[in-house]
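Okay, so chain A shows up in both of these, paired with chain B first and chain C after.
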Partner chain A sequence: MHIDNFASGDSLLHRLDPRVKIIAAMFFSVIVAVADRPLCLAAAICFSLALLLIARLSIREVLLRLLAVNAFIFFLWLFLPFTYGGEKLFSLGPLTATREGIIYVFQITVKSNAIVVALIALLGTTPIITLGHALGHLRVPSKLIHLLFFTVRYLQVLHLEYDRLRAAMRIRAFRPGTNLHTYRSLAYLIGMLLVKSFDRAERIRKAMLCRGFHGEFYLLSHFELERIDLVMFLIMMVVVGGMASLQWIILK
Partner chain B sequence: MHISEGVLSPPVLVAGAALTAAGVAMGLRKMDNEKIPRVAVLTAAFFVASLIRVPLGPSSVHLILNGLLGLVLGWAAFPAILVGLALQAILFQFGGLTTLGANTFIMAAPAVLCYYLFGRSVTSKHPGVATTLAFVCGFSAVLFSALLLAACLVFTGESFLHAARILVLAHLPVMFLEGLVVAFCLAFLMKVKPELLGVTHAAG
Partner chain C sequence: MDNPEVIIDLKSVSFGYDGNQSQRPVLHALNFRVRRGDRVGLIGPNGSGKTTLFHLLMGLLQPTQGEIVVFGKKRQHEKDFREVREKIGLLFQDSDDQLFCPTVAEDVAFGPLNLGKSQEEALEITRQLLRSLALEEFENRLTYKLSGGEKRLISLATVLAMKPEVLVLDEPTTGLDEDTVERLIQILTSSNLTYVIASHNRDFLSKTTDIFYHLGGGKVERRPNISAIRQVC
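Take a look at the complex of A and B:
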């Protein structure tokens, strides 16, 4: 199982303080998610693409990722142009597509992809464990951070466990198909995965108690804001503020 | 079943975030430090299980398993699903940051509902009753999730009505599949590890 796909690299964004990246990603996502003016959305796309260039990620991989993420958006393209009221543009049998409908879906598509690209460039370039530490420093409840760390840690262990169970099934000539036998076998596979996790969790709990765990979780990574972090933070905040003013203050 | 960024209207996003924050707060309060490893390892297990491709006719689907997750984790389903979706958003960019609240609520609320509706009764001694209820649990968890998803879309705009209706209908086969898998899985767990469902061993 591959995690942290985009996290390896040595660009300016990879080295930026993760707290800065998280805050910038949050503000950017929220503003874009609620914006609807064309100028603001155009600025959002430009900002996302600029981030992508700075992060120097493989364009091919980013495009592949976008294709997967846009499944829901493709689905909306099938419906919204025909169900959104407005001026008639063309007809497909009994269906009438409206100009407003197409503009609306297009707007959703732009918003969605602008946010996804920014998230790849900002959060994808940080190893997930580092993000956890940064979230801890940003006062996210420690139990939640704790849960995140443990989940990430055991995700890969359990995926290996799953591979092992799956290999055992294959050796016994299991071939999945649309039948009750397949569903029963996969249900038992999931059940076995849960049983193994349950036992493993018990061992972890005991091991932690042996080592004197008393509910305190120590954050080992600490971050220091350097000049470049502050500069980047200011630049990103100015851009996001500019987008907000394009949306709400400056008249069309 | 993830709603992408940029689709939902601000009131729906805010409502989703607020409800999820309340659910997560409740879940964290019920989860003492001792239980964190268990919840985390099970969260990881459900994450892995949701990656399994289950054949269905010419194509295949992924299971959601939120009914089963609710039975096993109770209120901890909220923080568990939040962490799972946050990981998907960061690692694979499915879902997103602003939709995290709405997406978590869509999956976690039915999980907790299943915990209250079926938590006791699926461990019934009568195998027929237990299996039937387990099927209903798996089926209805996905049904409620699909309805919540549809509600999120329709509250965003009337024009989503058709798309929402098709989404619910498209999930019907998944509902049956989930019902079957949860029924089989619970029968297995009752035999192998009833503690997982909160049943303590009788003497011996």
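Take a look at the complex of A and C:
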């Protein structure tokens, strides 16, 4: 399980009030997602890398995460340059790559990486449970937060259940191959997981009813905004605001 | 009458699951009574209906026939059982079903908050209870990172936090090591709660309970002592 991989640490970003981090991450992501000017995107990459340095995370771990993200983007590089209309750059047999297409994919690559790095540095450095509580204090509907909590809590349980089922298959010499037996067995495995999850959900509901649950959830963690939090918040807002002005205000 | 008050009274209760092909009900015209102060041990083979019996008692399942009287009142609808659930605490067989909050403190506080306590009161109850069970170090631990034994003890704490009058424990010793079982015995015997325990662990039952019932064939029967059940299952 890879939950909370980056959450342990003692950097400035680890100690920062999670509410500050959530708000900064939100503004940053939205602005980067809609920006297209090179200067703004360059600033975004610099800001992300700066955050990464402050968070002092294992570069290897971060690169592994980015590899996963860029595996998806790789497919965009295969298709977009040849399907996006614009000025012809080169031809590959019947396919024509356009200048605009390449610029577009390049932008997507830069944006995605900048956002993912910033999210790892800002949100990854917060334990997911703390993140949930912070969202609660930011007035996110409690149903959504409890969906998050239940997911985190029972992902672990389901994962263990899956491991047990897989182990049970393996000790009876199951080796996956390309045949009907494999497909059928894996379908049974998935079906069994679904049935078990359904049963478990029912038992959890019953256990909650036994403890007087009547639809109300309560938050117990509270946060205190300190001076360093305010300072960091202002700095990040100024940077993000600067990026926005690079995109929309400053003309050539 | 000299006898203490009857707090749980199941009268001729029957129950069968819909999907049961054999058509034979799990519980058949079962009578079961618990008086205040009773410490009841329930033994029965797998699938004999121990969990079903407990779920009927808590109103999680509805009997097909018969009457459930708890604290002197007939309980029929979901609303009737709310009071039952405040006064009877059920410890589930699988602690993963019971612990659903991210942290131990939140899980223990969940019950008291549902009973209308303020956050401060709920936290106070939580801290006090964890201290009295020597579990205070767990307060801020994440529930999904606890070991099996720790999960069981914390689950018990979540039930005790509601200050129930009766405890119902469904196979509390399954998968626990001797030390944890010992702790469980200690917690139970030092409390003055009324409780009903379903278990296959005879040693545990003989240390914690003094009234023994055998559940089988859809009925419960009282036995004079635990060894009288030994031959049956």
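By definition in this document, the second predicted complex is superposed on the first by the 248 of 252 C-alpha atoms of A that agree within 3 Å, B and C clash if a C-alpha of one lies under 4 Å from a C-alpha of the other, contacts with A are read in each partner's own complex, and residues count from 1 in each chain.
Everything below uses one rule, namely that a residue touches a chain if its C-beta (ideal position, glycine included) is under 8 Å from a C-beta of that chain, and two chains touch if they have at least 3 such contacts.
As the structure is a prediction and not an experimental result, all values here were calculated from the model.
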{"item": "Partner chain(s) touched by A:Met26 [first = chain B, second = chain C, both, neither]", "value": "first"}
{"item": "Touching partner for A:Leu186 - first (chain B), second (chain C), both, neither", "value": "first"}
{"item": "In the superposition, chain B vs chain C on chain A residues touched", "value": "B"}
{"item": "Contacts of A:Ile129 with chain B and chain C, given as first, second, both or neither", "value": "second"}
{"item": "Partner chain in contact with A:Ile204 - chain B first, chain C second, else both or neither", "value": "both"}
{"item": "Which of chain B and chain C A:Ile108 touches, first, second, both or neither", "value": "first"}
{"item": "Partner chain in contact with A:Ser48 - chain B first, chain C second, else both or neither", "value": "neither"}
{"item": "Partner chain(s) touched by A:Ala68 [first = chain B, second = chain C, both, neither]", "value": "first"}
{"item": "Chain B versus chain C as contact partner of A:Val152, first or second or both or neither", "value": "both"}
{"item": "Residues of chain A contacting chain B in one complex and chain C in the other", "value": "149-150, 152-154, 157, 200, 204, 208, 213-214"}
{"item": "Touch list for chain A against partner chain B, complex", "value": "3-5, 25-26, 29-30, 32-34, 65, 68-70, 72-73, 75-76, 78-80, 82-85, 101, 104, 108-112, 114-116, 119-120, 123-124, 128, 131, 141, 143-144, 146-155, 157-159, 161-162, 176-178, 180, 182-184, 186-198, 200-202, 204-205, 208, 213-215"}
{"item": "Partner chain C, residues of chain A touching it in the complex", "value": "129, 132, 149-150, 152-154, 156-157, 200, 203-204, 206-214, 216, 218, 220"}
{"item": "Chain A partner contacts - residues on chain B that touch it in the complex", "value": "2-8, 10, 13, 24, 28, 31, 33-34, 36-45, 47-49, 52, 54-57, 63, 65, 68, 72, 79-80, 82-84, 86-87, 89-94, 96-99, 157, 159-163, 166-167, 177, 180-185, 188-189, 192-193, 195-196"}
{"item": "List of chain C residues in touch with chain A within their complex", "value": "55, 58, 60, 82, 85-86, 89-90, 92, 94, 96-98, 100-103, 105-106, 109-111, 113-115, 119, 122-123, 142-144, 158-159, 162"}
